[in-house]
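Have a look at these structures, which come just after this line.
Paired with subunit B in one complex and with subunit C in the other, subunit A is shared by the two complexes that follow.
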Partner chain A sequence: MITQMLRVAAITPLSSYVTRFRFEHPEGAALPVFSGGAHVVVEMPDGAVLRRNSYSLISDPVDSSGYEIAVRREDAGRGGSRYMHSRLRLGDLLRVTVPVNLFSLDLRAKRHLMIAGGIGITPFLAQLKQIARLHAPFELHYAVRSRDEAAALPLLPDLPQVHLHVSDEGNRMDLGAVLAGQPLGTHVYTCGPEGLIDAVAETAARLGWPKGALHSEAFLSPPPGAPFDVTLARSGRKITVGPHQSLLEALEAAGVQPDWSCRGGACGRCETAVIRCDGHIEHHDHWLNDAEKASQTRIMPCVSRFSGADLALDL
Partner chain B sequence: MTLRFNDETFRGDYTFRNSPQAVRRFPFPFDQDSYMYSVNLELHKGGRAGSVFENRFDVDEHYVAEMRDREITLAEDPLRCQSLPHMELAGWDFLELVMTTKAEDYPDLFTLHRDGDRWHWINRPLNIEQRFTFLDATTLPCGPMEYITRQTQGDHALLDQRDGNLWMDAGMITSQADWSLDFDIGMNFFEWHAPVPKAHEMGVFQRALKFLLNLQQGAPVRRLNWTMTVNPRLDTSPENYHKWGPEKRTITPGNVGEKQFLRVELQTLWRLPRSNAIAFPIRCYLCSLEDIVTVPKWGRRLHRVLRDLPEELATYKGFAVNRPMIVDYLAQFDDGAETSPGIFPD
Partner chain C sequence: MPRTEFTPSIPSRPVYSGLSSHGSSSALMLAEGEGAEAILDLAAQDAAVMDRAHLIFIPAGTGHGPALRALGAKSYVEVPGFATALDRYRKALADAHMGTRLYVAGSEGMIGQAVAEALAAGLPADAIETEHRGGIARRMQCVHCKGITEGVTTDPFLCAHCGLTLFVRDHYSRRLGAFQGVCVDAETPGDVPAVQEIKP
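Here is the complex of A and B:
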């Protein structure tokens, strides 16, 4: 991945859990512009551990003066968001990748329908700015449990096309109603928990939406699990993956540098061949198809784990 | 670098010529004495000084004549340039990429002044000066992709990325190796590659697509492709097959060295920032066999490659009918000596 060293230029709390970070080039140079829905990977040198987390860009895609992200603190998470919230200071330098977009707008759409669950609002903040410039019709539904969770509310335009659904206030989003009233040529984009993405897919299927009009992004954090051993077939070395470490992170800690991009099971870049597998690969990615997963001959080290006697990779 | 632009034609009297310098910098596509498909992609981050890889968009002695030839082709058949409505943003992305890189790489030939969205473009070789508003198509004489590709050597396709695939949704295609934009427009990566023999079974396209879907901003890649063309003709399109197809039958043992050309495409792929589309310039270089053999290594190697090429590849590339004559001609320049690795002359 191409990276650049950027300076933390602003830290703004948006709610009790969510903070906005702004990055700028240390010498004020222009950053590459991007498309709405793009993310960057931020590298965090956390003691002996180098953490790398993906965050959607929320700033205006054509504003090359800086990048902004919004990070929700996950106290039970692996530590990346805690690092961002508690350790990062104004002026700190961090390595950030160039923007990559795995969730771009379908520019053929006659209308863009965006459905966000909680912190899943982030890619839409940049997409809204792109859509405004394209003068395309749109509608946004932002579903949260409580008003305090609606951290992005002040960042949203005050327009009748923007709908807030707060389930605590008895205003739960009615997906059937949202999806039923859309004209032909509408594309729907969902970002949020897997349950929301599945619910949109099911409702849309029931209402006869074409599959090609559905888009979603579910970035996974590497799930924790029992520790396991992996053999690197080319060198014969054996490494251990810790309970809160991903296989990709364990490889990197051992000095092996597989190619990667999203680190969330979506882009396919770190796909690795399995030489031997005596046991069960716990596939957590959205990249391999069911047949590939069942064959246990490929693994996505960024999110997938293993349980069993022996796993050897072509590394 | 001072460039002198040739006054030459790519049709009719075919006055196209390569200067000795142009022959030396010809992108000979074979790095060994045999050829088979592969995903031969490498980063497009410059290359040997003076080579066609040095700059991001190579401008050479054929620039002005090639643009004149494109004008003729477009006047006869406007459908060689098409852009589906959702591709205009990608067109602007590509215009920006070409203008900024050419102005940086060839400051004596091209200048770009930018004041916010108000741009001022100067193209000295083509005598063009244009003031326009970036992202406002009403301020250009035609769409942004057409505008910039009328000033950029090579064919150019803009590929939309969606549904885990790439879609040929815009392009300027006037110097193609027998494929049609009007036929392929709207097709996905597997559909437009369907006619290629062997490569599907080898999984080449699956691997190439996976790679391209992850192509990153600022990290363009390149590969070379090749075929054979009789006469230095850029427009070898299916639409005009009746004009150039019969010329294949004009090859004789006496004229093969002069009339048979090795046609090489320098293909580059660029992730575009605003649209997330991919730009796919396909730059065509032509070199006659008699010019190729002035580089002894190339004469030996081309003989071996064409002699041993599987028949279906020679058929697909459209020169099976002339292969025996081509191989006989090249054989006289192959003394059996070993060739050095890599594509460059010794």
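Here is the complex of A and C:
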């Protein structure tokens, strides 16, 4: 991945849990522009561990003066968001990848229907700016549990197409009503918890929507699990993956550099061939299909784990 | 007349994989000539597919009208040709919502135009089912003068607009719903290969 060293130019709390970070080039050089829905991977040197998390860009895609992300602090998470919230200071230098977009607008759409759950609002903040330039019809539904969770509310345009659904205030989002009666050419974009993405897919299927009009993005953080050993078939080396480490991180710590991009089970870049598998691969990704997962011949090292006697990879 | 099986060709050439039911979703149906039998087969496979269907039929000299009318679609109308169906069809597309399925059966020229209209109206390609029935005449665009010649059954053929002798290609325009015809004797004028009948 191509990275650039950027300076933390602003830190702005948006709510009790969510903080906005702005990165700029240390010498003020222009950054590559991007498209709405793009993300960057931020590298965080946290002691002996190099953490890498993907964050959607929320700033204007054509504004090359800086990149902005919004990070929700996950106290029970692996430590990336805690690092961002508690360790990062104005003026710090961080290594950030160039933007990659796995969740772009389908520009053939006649209308864009965006559904955000909680912190899943982030890619839409950049997409809204792109849509405003395109003058394309749109509708945004922002579902949160409580008003305090609606951190992005002040960043949203004050327009009738923007709908806030606060479930503890009694106006929970009704997906059936949102998806029914949409004109031809509407594309749906969902970002948020997996339950929301599944619910949109199920409701849309019930209403007869074809799959090609549905788009979603969810970055998974690598789930913890029991430690396991992996054999690297090309060198015969054996490495151990720790309980809070991902297979990809264990490979990197051992000096192996597999290709990667999103580090969240979505993009497919780190897909690796399995040479031997005596046991069970715990597939957590959104990339491999059910048949590929069942065959146990491919693994996504960024999020997937293994339990059993022997796993050998083509590395 | 059964479903036409075309010889596999370049990816550009459309494939009509046959109608299969999406249940009682709201549906638009367009049938022409022998394409009526594809709709009859579809309804026999799953009668619920007619529950919320609007069916437009172009008889093209066939007598399938009464059988189609008897399927009990939400609306049924017969029109003499695609051009006369167009206003009604466009209105139906403009009023349609996501979740509407389109079923088209008949000749290649009709399917091509119907699908092009639907895509332009925003209907996703994966909401469209097509089945080819009947003759295999092609709707051809002359790449030189851009004129469309309907009902082409031979290769080469004469462009109905500019008169060039055109070679029938499998290269297809989804936007126009037409195959591309290219001058066959551009290098050596008059050196025209023997005329053959188009095969499926």
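Descriptive notes on the structure:
Simple rule for what comes next: the second predicted complex is superposed on the first by the 315 of 315 C-alpha atoms of A that agree within 3 Å, B and C clash if a C-alpha of one lies under 4 Å from a C-alpha of the other, contacts with A are read in each partner's own complex, and residues count from 1 in each chain.
The rule is short, and it goes like this: a residue touches a chain if its C-beta (ideal position, glycine included) is under 8 Å from a C-beta of that chain, and two chains touch if they have at least 3 such contacts.
The structure displayed is predicted, hence computed values, not measured ones.
Once chain A of one complex is fitted onto chain A of the other, the partner contacts of A:Lys110 are limited to subunit C, with no touch recorded for subunit B.
In the superposition on chain A, A:Gly212 makes contact with both subunit B and subunit C. In the overlay built on the shared chain, the residue A:Arg269 is in contact with subunit B alone; subunit C does not reach it. A simple residue count on subunit A separates subunit B from subunit C, and the partner touching more is B. Residue contacts after overlaying the shared chain place A:Pro160 against neither subunit B nor subunit C. Judged by the touch definition given at the top, the superposed model places A:Gly28 against neither subunit B nor subunit C.
In the superposed pair of complexes, A:Val100 makes contact with subunit B only, with no contact to subunit C. The intersection of subunit A residues touching subunit B with those touching subunit C, taken from the two complexes, comprises 212.
By the touch criterion stated above, subunit B contacts subunit A in their complex at residues 84-87, 89, 135, 160-163, 210, 213-214, 216-219, 273-276.
Against subunit C, in their complex, subunit A makes its touches with residues 109-111, 179-186, 207-213. Residues 1-2, 32-35, 38, 61-62, 98-101, 104, 106-108, 130, 133-134, 212, 261, 267-269, 271 of subunit A touch subunit B in their complex. Considering their complex, residues 22, 25-26, 93-94, 96-101, 121-127 of subunit C touch subunit A.
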